[in-house]
Amino acid sequence: MTMQDDRARKELLITVIAGLLDGIRHVAVGASSPIPAAGAMLLRARNEQQGKPPVRISILGSSRHNFFTNGGVELFDCAAQGRVDAFFLGGGQIDGAGNINLVGTGDYPRMDVRWPGSFGSAYLYHLVPRVILFREEHSPRVLVPKVDFVSAAATTPEVKRRGGPHALLTNLALFDFDRERGGFRLRSVHPGYSAEDVRDRTGFDYAMPEIVPPTPAPDRTTAELIRGQIRNELAECYPEFARTMAAA
Amino acid sequence: MTMQDDRARKELLITVIAGLLDGIRHVAVGASSPIPAAGAMLLRARNEQQGKPPVRISILGSSRHNFFTNGGVELFDCAAQGRVDAFFLGGGQIDGAGNINLVGTGDYPRMDVRWPGSFGSAYLYHLVPRVILFREEHSPRVLVPKVDFVSAAATTPEVKRRGGPHALLTNLALFDFDRERGGFRLRSVHPGYSAEDVRDRTGFDYAMPEIVPPTPAPDRTTAELIRGQIRNELAECYPEFARTMAAA
Amino acid sequence: MTEMVGLQALVASIEPGQSVTIPVDRAGVSMAATAAMIEAGLTGLHLVCVPISGLQADLLIGAGVASSVETSAVSLGEAGGAPRFAAAIRAGSIRLRDATCPAIHAGLLAAQKGVPFMPIAGIVGSDLLEVRPDWKVIDSPVGEPGKVVVVPAITPDIALFHAPEADRFGNVRIGRYRELATMAYAARRTLVTVERIVERDLMATEDSAAGVLPALYVDAIAVAENGAWPLPLWDEYETDGAELARYAAMARTDEGFRAYLSAFLSRGKQVA
Amino acid sequence: MTEMVGLQALVASIEPGQSVTIPVDRAGVSMAATAAMIEAGLTGLHLVCVPISGLQADLLIGAGVASSVETSAVSLGEAGGAPRFAAAIRAGSIRLRDATCPAIHAGLLAAQKGVPFMPIAGIVGSDLLEVRPDWKVIDSPVGEPGKVVVVPAITPDIALFHAPEADRFGNVRIGRYRELATMAYAARRTLVTVERIVERDLMATEDSAAGVLPALYVDAIAVAENGAWPLPLWDEYETDGAELARYAAMARTDEGFRAYLSAFLSRGKQVA
């Protein structure tokens, strides 16, 4: 991928994320999640411009963008109180039922591949209304029929919950999640890819519309906002990433 | 009571309390409990003089003598962790089983006499190893056969507990509490009173030795310590009380 | 985001019948808002005292604003018992939920954690378990067999307190009085009166941030100088003991209480 | 009362087989004590990571000091996966108790409150419930019927962390990193390394006291300048990313790890 292509890819993802977050008041972002953070910053900037309600962005592990004063547990408490509207989760594996695996592949505990661990996923998936699954790699090894280990379950009819998956965003496509049905539905395919590319590289079944639209690329105003204000804001917390966003 | 008698009474109670606290490392005292605080200060001063382990005194509601930084719940957590060795409780009624009533007399909820409420007693009685029941008034209306409302129960064989009553100190006498038997035993009677006075003014049954000794009055060194260092320390937190301790 | 409003607007957002959690005397009681609530003629409030109250609860009960109270005690401290509280108990005119201090903290903690209940040590054997059927004794589901008391979550509609200062972003300085944070975490909305708004960002340094309730939890702030009077405010002023004693004496009778209240409210208006 | 000791004496009080709770990278990790523990040849420790760990856990696992770990993740963050952790999992040489972040906080909170368990939201449906038979799903004893997960209390033998400063009374400045207080409340003994001992009383003002863990909970303190290196310490220094990357590369093999460790330990000795 050329540097220019890579920038276009990032700008598209950032724009899609801003759209997915529309309407939220407080989003929490991981310390090493520059694209989600940029998407949140884009929404915040737009809302400011349009006089819409302000957006609060908590960047975990940052002291500058930290609205918390009660230690590491406060994000989790805050989510339990219904004060976190959106969060991002990834996954070494994501399955068609929306379950995610951050633990590893093979048989537990001596797994073939061991990943770091479940972090807060088992909890936040239940409590944050709009969890956006964000995983850049779109391949059958990531998007599997059934995860080897359920770090966090997408739907649990046996308990009341306000939280769960809202969408799945990859380098190829955007899926919505249908909580009633407990599965994904392809919403759009990113420019440069076809619905068949998505089918070939997705290991699980999903619903799809008759005509699959392309994911809208950022309009000129949005692209300028990303390349200007957002890049500057990103540079504070994610200097490395902001450099890769510079015009080629 | 003359002012001199009143001072002697207070000095005796302070001395008894210091004895009851011997060996503890951390005692918590209520904001309006000058005599217990003075007893704790006397123990602390003595231990310092004799090179014994230091005594920590938490005076609730004081900002100067406050070792806590986690709000009002910290005393209770600290007790649950086993880090509070002694505490004082009073009671509008105290019965022969060691149960205390801080709620009122008559039928709940529209009681004949309503007191403020149970405070932390229902909790701390279970968790603080040496709870000293301190109530100056020694009368049948306070020391009753059975309290009208159990704010805190002295013994509960159905649950494991480390805490409970250690002794009962009044203006007339000192009782030990026997946790096995679940009752009091008269240890000593204060100067100026007889075992019969105690019997007449106590509404509950208690065990007693064949010969009831008098409560030892403070020796000269102790009295001097109370009138000097302790009175000065008290003046910081309990200025009114310290004034009443001045030599007549 | 936090709104900066006047005292009347602050209390106007409290609706009749709502539950309001208030702190212990030394932790920052909003007496200014208390006066404004009485003035506004609010009724049917349920007070949750963290974990006890004094003058504030007694005034709200006496003035008919509070009709229900959860507390571990109501007392004027050195000034004696709480006269209107005691009178209301005798008259059966308030619904009382007697508690013990750590149980109120535990109920709020359950709400903070989004769980339906919280286990708590001790309490077994207390008649509080008789008068609080909402508290249960269960067999511990883990570890050694044994009985444990559990109390339900307390989710107040409103948390209301007074603090020395807030910044213009809505961050409030609470120092070591972390029960104020617990109240705000647990409550649906948090209303705060402060002595002043400061220009500096209270979250700017690690030291000052440590004693801050973040704006995230603060819905509205009103400035009310001397707003805890006659109760104390840490680092600012002490209890006005003479005023409390005067209240304790006057409030022994309903007429005396009315006279005190009238003077208390007109004083509030002069200040505002 | 808090003892002021040297680094060797600090870790000498940890016994083989004890449980040691340690904080997340940014919250003040005592890498100085980590080196001293490896040097002292400690074995069989059970780590409780609050709620995750990185270099510290990877070093203690690789050096054979830790044989058991409760954690929500072990990761070197931007430097990638934790190589010795992954190797130990493959080899089956450590006992792992996989968790999720708030469950570790909840377990410590139970110990802080002296209760056998703590309820926690969420988790239902996760395979963590399969691999953690000590976590139970119960019917809520209060409120609407519903399932709730409960986790047992975690009472570590030792809490170990690094902070910028302590005063000579043993009070430790922890700023907003209140998980350090939670660890200390829950643990039987708390050992702290600090950059320096300050002359002023950290409890003297309300603002500074708000960010303090009181001496009451602190058993021993050792001074260790730069004691979190190569991890960061708030208000003091940033992560040494190059050093972490060097570790990540070298620790891919056991030989590389040994070479890194040997250099790491001798650096520690030169500093001490």
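Structure notes:
Each chain gets a letter, A, B, C and D, in the order it is written, and its residues are counted from 1.
In this section, contacts are C-beta pairs under 8 Å (C-beta built on N, C-alpha and C of every residue); 3 or more make two chains touch, one makes a residue touch a chain.
The structure presented is a predicted model; accordingly, all values stated were derived computationally and were not measured.
Chain pairs A-C and A-D differ in how many C-beta pairs are in contact, and the one with more is A-D.
Of all chains, the one whose mean C-alpha position sits at the greatest distance from that of chain C is A. One inter-chain figure worth recording: chain C and chain D are separated by 36 Å, centre to centre, where each centre is the mean of the chain's CA atoms. A separation of 40 Å divides the Cα centre of chain A from that of chain C.
Centre-to-centre separation between chain A and chain B, using Cα means, comes to 60 Å.
Rounded to a whole number, the gap between the C-alpha centres of chain A and chain D is 29 angstrom.
Residues of chain B found to touch two or more other chains are 63, 68-70, 80, 127. Within chain D, contacts with two or more other chains are made by residues 113-115, 120-121, 146, 176, 181, 206, 209-211, 234.
A list of each chain pair in contact follows: A-C, A-D, B-C, B-D, C-D. By the touch criterion stated above, chain B contacts chain D in their complex at residues 26, 53-54, 56, 63, 67-70, 77-83, 127.
Within the complex formed with chain D, the chain C residues making contact are 106, 110, 113-121, 134, 136, 138, 140-144, 146, 148, 150-153, 173-176, 205-211, 234-235.
Residue ranges of chain A in contact with chain D, taken from their complex: 31-32, 61, 63, 66, 68-73, 76, 80, 99, 102-104, 108-111, 114-127, 149-156, 158-161, 163. Those residues of chain D that touch chain B in the complex are listed here as 1, 111-115, 181, 185-186, 203, 206, 209-217. Chain C contributes residues 24, 26-27, 50-52, 71-75, 77-78, 81-82, 85-86, 89-92, 96, 98-103, 105, 120-128, 131, 146-147, 176-182, 234 to its touches with chain B in the complex.
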